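Shared between the two complexes below is chain A, which has chain B as its partner in the first and chain C in the second.
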Partner chain A sequence: MFKRFDQARPFLTLGLVIAAWLVLPTVIKIFARASFFELTAPVSVAASYAHDLREYWSLRLHSNGELIEASRDLARLNASYDVAVQQNAETLAQLNRLEGILRLPAFPAHRSEHARVARRDFSGWWQQLVIRKGENFGIPVGAPVIFSGGVVGRVTEVRAYTSVVELISSPGVRLAAVVEGDTRTISYQGGVNPTFGSAVGIIEFVPLDIDASALHPKRLVTSSLSGIFPPGLTIGQAVKVDPSQDGLYKSGEVKLDERLGALTEVTVLIPLNPE
Partner chain B sequence: MPTHDTDLADRSGNLFESHKGYDPRIRLFYFVTAALLLILAGGLSYQQLFKTDVHHERERQQNQRRILIPGPRGNIYDRHGQVLVRNRPRLAVVLYLDELRSAFLAEFRRIRTNYRETGDKDLPSSAQMSTLARISVVQSYLDQVNAILGRELTVDSAQLKKHFASELLLPYPLIDDLEPADYARLIERLPVRSPLQLYTSNTREYPFGSAAAHTLGYVGTTDSVETDDFPGEDLKTFKMRGTVGRTGLERRFDGTLQGEAGGKIFRVDPAGYKLVDREADVKILPKQGKNLTTSLDIDLQLAAEQAIGDQIGSAVALDVRTGEVLVLARKPDYNLNDTSPHLSTAVYQDINQRDALTNYTIWGAYPPGSTFKILTSIAALRSGKVLPDQPITNCDGVVKIGNILYKCYNGKGHHGDVLLPDAIAHSCDIFFYEAGRLLTPDVLAAEARRFHLDQPTGIELPLESHRMVIPDPAYKLREFGENWFSGDTANTSIGQGFVLVTPLEMACFIASVARDEVFTKPTLLHDANAPTQHTESIGLTSEQRAALIAGMEGTVTYGTAKSIFSLPLYKIPGIRIAGKTGTAQVRVNKNGKVGTINLAWFICFAPVEKPEIAIAVMLEGETIGEEFGGGREAGPVAAAILKKYFEKQANPAAVIQAFKPAGN
Partner chain C sequence: MLRTFVVTLTTIVLWALVAQVNHALATTHVYLFVGGLCVTVAALTLPLRPGLAASFLGGLIFDAAAPVAFGTHAVLFATAHAVVFHLRDRLPRDETAGRVVIALLANLGLFLAFSFVQIPRSPAPAAIWPRLIADLVCSQIFLTLIAPWFFAFQQRALVLVRAEPVRLL
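Presenting the complex of A and B:
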């Protein structure tokens, strides 16, 4: 009898733990969950730092000749970026002047916070990144995240030193978008993406006169009307649009940037005047 | 001597009931029990084996609900593929109440607890608290939207109550017809998985506003959604509101334009809420209705309407060959976009006050005035009473018919020994009084009936008039109980008196004359391969026809319409036009003042040598006693249509091929 009880003890314990968890107050559960993530965060961050260190040492192995060549390329790039920065500054000034003349409302200003990617989760369940900055850098929930290729996603969870960014490939992200050169708002939403497949999104409420195909894709950018993302940031390329049965709109598919799966650094746009 | 057993039985008889191994009376009980069990088993078997379908059906009806969503209407195009009527998406933020059962319940408990804690004896009833809970929950969702859009909207409790009671499974609209900026903000800020969603319906949109308003017509809303192939007809059904054509082509072709309804069939719990996390059992997407390609040419239509401007009147242009209607204009009109998504009382009253709702082009019956002289000419030529090269009277400006002096109202009134072509060109009344007298009223009426001027044309529009009148002595006797006088013949011969026709009929008449036939059936449907219409020939000799056409061409080159068509603005180089002016008088009561206003008519076709387009224009004078004449007032409208038509003919590349309508 006692022997049989001993054998069942692990199951009994598990049952008791589950029962205790079920009856625990919500506050304690939230606290336990947050604590778990905060305690495991250093592991992710440490792994990320280890990865950076590995990169560093691999770079140290390059010869002086290679480094000189890389420096020269970098100097050229810097020079071209300097020119681009000046041009951008001039364009921005002109834009401000025109906005002033037309009395257009100013777009919401943002502060940029660059952050390294600590972990990437790509699966049928999760499409998210963990970045190495959190509350310590004033990152708020909902902040837009971008990279050199356009939109990355939005911050969905902020912890003490890390934040979780839901990628635009996730079905949980929906954006107001426009086809480049058009002003009518389209709804973009992440698709159901396989673990190793190329990421796609879906677009809905596409006006009937807009066409796109794999041969003639259209660039999909953020809308100026939404107020969360600055306008004109690339979301992806619309590669297919088909009219819906009701004839009101078209819907289609958007191919997202392949680099989303290999991001190492992103920029979080922190609103200066949050609503 | 009693045995021991007997003693025991006797003694126990007082304490225990004696038990017999078998009692025959119990058989009855067995039988009854067995019979009852048999009935029960039989009943169950019957219900299970034979009534399965019935119970299954009942269960299905009890557990399933059907939602019907009307399909968008088809588009309407002009003959060159320009969209005249289309659907505009209408965006709304809606709340799916059927997903909020647990939220309603939690709020109900919270409200009940709060009331109980107050210790108030006068507690609301359970139903009242349920209503409060629903309003509270819906308001909390509306507050989310308010926070995003910066509004301060509150829930309309009566509307919510009504929606909850009768349309629980339909989305409850929180804000309708969102602006693009609001829509963009909500896309990004509303949670993706939430009972709060963006919803798209549609409404009619008219890119050309008021153009061809009477012809195209408008739509109204209806609760009746037609479903031919959608399953579950016996289920409790929730219907989204659909549309139905109220006037014009929208009404006449409602069946064609009407979309195919789609919808869903859901499983619900006993309280009628949709089962959470369960996909619809049936889901069919609504389909757009069939498109309609009209014969209208929007460029010509706009030219006509612009030429009419603020005046009251109608213009019709027909393709002479096929009878396709190129222009069907009526002023005053109304902006069709004001009728969408629904025609408000204020807009309706405004339209009604301006008398802009009725399509008088097909409904109004007017005296055709001197344009009727073409018919009198044809009748006279056919009868042989008038020869092209012989005068029938000498016009010295006045003639006595019966005891009344009739004047020649056109020109100087002294046309002299006028021949038929000049009589038409100068519109000599006295010539046609005499022609009418020679013809007799019955012959004149018979000729008019031969041209179908006494019947509706059969155009594909609702409410075409039946009020046209082609008078003869029998008509006057029947309607007024009076005899026919020679003055009545005189009046009829110049399109006055009792004669009444619609502007559309006059367009058909002149198109028939252009083809040298007696009838043109107008159509508003475009067919690129439509054959040429063929009806009975008018029956004029080539000499007679030449005289008739010469007179009509003379109207434009040297007659009553010369002053307009010689102007550089209206001149069309290289195009010969045959026309006829007309001015008719009608008695009206305007704001309590009774008097006569003039109707200005102009009918024509062109080119003379190979007619392509036929036009009838009728404008109403607005002021009693105002000088208002056919050539001067109606001529410019016809000229504007002709000019645009031949401009397009000369430059076919300019014809817009913006969009090829799909299907029919």
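Presenting the complex of A and C:
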């Protein structure tokens, strides 16, 4: 009898541990999670700074000739951006005038906060980034995150000096989207991320007259109904749409930007009026 | 208590190293999971309570960095610990090769259990398996390569603080 009890001892202890964990108040679990996260955060952040330092020293090895060439290219790029900024200011002024005349509600304004990526997690179960800015820069939970290629994802956790960004390739992300040039809203959800391939999202409720294929992809952008995201940001390229089983809509696949897995810097859009 | 603390610290080191490898591998969409390695030494060499506590705390470290319900890894690690502990007298736990095989089997079990927990979140559950199998194969190869080092590291850390387990003959 004693021997049988001794054999079952590991499982009895396990049962007690699990039972104790289940009845533990949620407040303690939340506190424990934050503590464990902050305990490990300096490791990722320190490694990220070490990467930056290595990059800096490798850049220092470039010759003066290379730097002069890069500087010339940057000057040209800056000139074209200057023109774009002027055009943008004019467009914004026109938009404001039209909103005033038509009494349209203004799109939510944001301020941009650039942040370095400290850690990337690209598992088959989820995809997320840890960035090197958190409460210390006023980053709120739910803030949209973008890069030069379009949408990156949204902030899901904010800690003292880091934040966690769930990527749009992650199955937990859902967005309202539109095909470029169309106004009808469709549903986007993160999908499967194959090994050595581009991440793929899934679109549903696509109107029947919209077609897309790998040869003739359609650009998918955020809708004004996306909530947190400003409209018109690139999500990806719709490369496949097929009629759904009920025949009322189509569903398909969206190929996401390949650079999502190699991001080193992103921009967090912080709403100026959170309400 | 000291043994639990030391083994948990070594788990943090392992987590940090694997996180950096995963960071570098993100461009290829390969993800390494080495949960089995965190429970092996604790389950094979430590007494039940300090070992179980170390495995549970190791799981909480994994949980804190993952978008899952807090305690998911911890409960799975504790379950794997209890199973390995229950079988340890019948396993070749003194040789490194034997420990590596146990770590591989524990990792396989944990990976599959965790996948079944996470798969309902996916919009295409069947389509996700090729990716998961590729990750599993890479993880097992990586685990085989680093397991001897990690076992030695844990053993040395325990010796360093004079908390090495006493073997009963």
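In the analysis below, the second predicted complex is superposed on the first by the 246 of 275 C-alpha atoms of A that agree within 3 Å, B and C clash if a C-alpha of one lies under 4 Å from a C-alpha of the other, contacts with A are read in each partner's own complex, and residues count from 1 in each chain.
Following the convention adopted for this analysis, a contact is a pair of C-beta atoms (placed from the backbone, for glycine too) under 8 Å apart; a residue touches a chain by one contact, two chains touch by 3 or more.
In this text the structure is predicted, and so the values were computed from the model without any measurement.
*Asks:* By the touch definition at the top of the document, which applies to A:V43: first (chain B), second (chain C), both, or neither?
*Replies:* second
*Asks:* Once the structures are superposed on A, label A:L225 by its partner contacts, choosing first (chain B), second (chain C), both or neither.
*Replies:* Only chain B; A:L225 stays clear of chain C.
*Asks:* So in the superposed three-chain picture, is A:G261 touching just chain B, just chain C, both, or none of them (first/second/both/neither)?
*Replies:* In the superposition, A:G261 touches chain C alone.
*Asks:* In the overlaid three-chain picture, which partner chain does A:F11 touch, first (chain B) or second (chain C), both, or neither?
*Replies:* So A:F11 only meets chain C here.
*Asks:* In the superposed arrangement, which partner chain does A:R60 touch: chain B (first), chain C (second), both, or neither?
*Replies:* A:R60 sits against neither chain B nor chain C.
*Asks:* Between chain B and chain C, whom does A:Y249 touch in the aligned arrangement: first, second, both, or neither?
*Replies:* First partner only, chain B.
*Asks:* Based on the superposed arrangement, let me know which partner A:V173 touches: chain B (first), chain C (second), both, or neither?
*Replies:* first
*Asks:* Specify the partner with more touching residues on chain A, choosing between chain B and chain C.
*Replies:* C
*Asks:* Name the contact category of A:R184: first (chain B only), second (chain C only), both, or neither.
*Replies:* first
*Asks:* Touching A:A199 in the superposition: chain B (first), chain C (second), both, neither?
*Replies:* It touches chain C, and chain B stays clear.
*Asks:* Residue overlap on chain A between the chain B contact set and the chain C contact set?
*Replies:* 171-172, 189
*Asks:* Of all residues in chain A, which touch chain B in the complex?
*Replies:* 171-176, 184-185, 187, 189, 205, 223, 225-229, 244-249
*Asks:* Please output the residues of chain C touching chain A within their complex, sorted ascending.
*Replies:* Contact set of chain C toward chain A: 12, 15-16, 19-20, 22-23, 25-31, 33, 48-49, 52, 56, 60-61, 63-67, 70-71, 74-75, 78-79, 81-83, 85-86, 114-115, 118, 121-124, 127-128, 130-132, 134-135.
*Asks:* Where on chain A does chain C make contact in their complex?
*Replies:* 7, 9-11, 13-14, 17-18, 21, 29-30, 32-33, 35-37, 39-40, 43-44, 47, 119-126, 128, 130, 156, 164, 166, 170-172, 189-197, 199, 202, 261-262
*Asks:* Quick one: which bits of chain B touch chain A in the complex? Just the residue numbers, please.
*Replies:* Listed in rising order, the residues of chain B that touch chain A are 71-72, 75, 87, 89, 180-181, 183-185, 187-190, 192-193, 198, 200, 202, 259, 262, 285-288.
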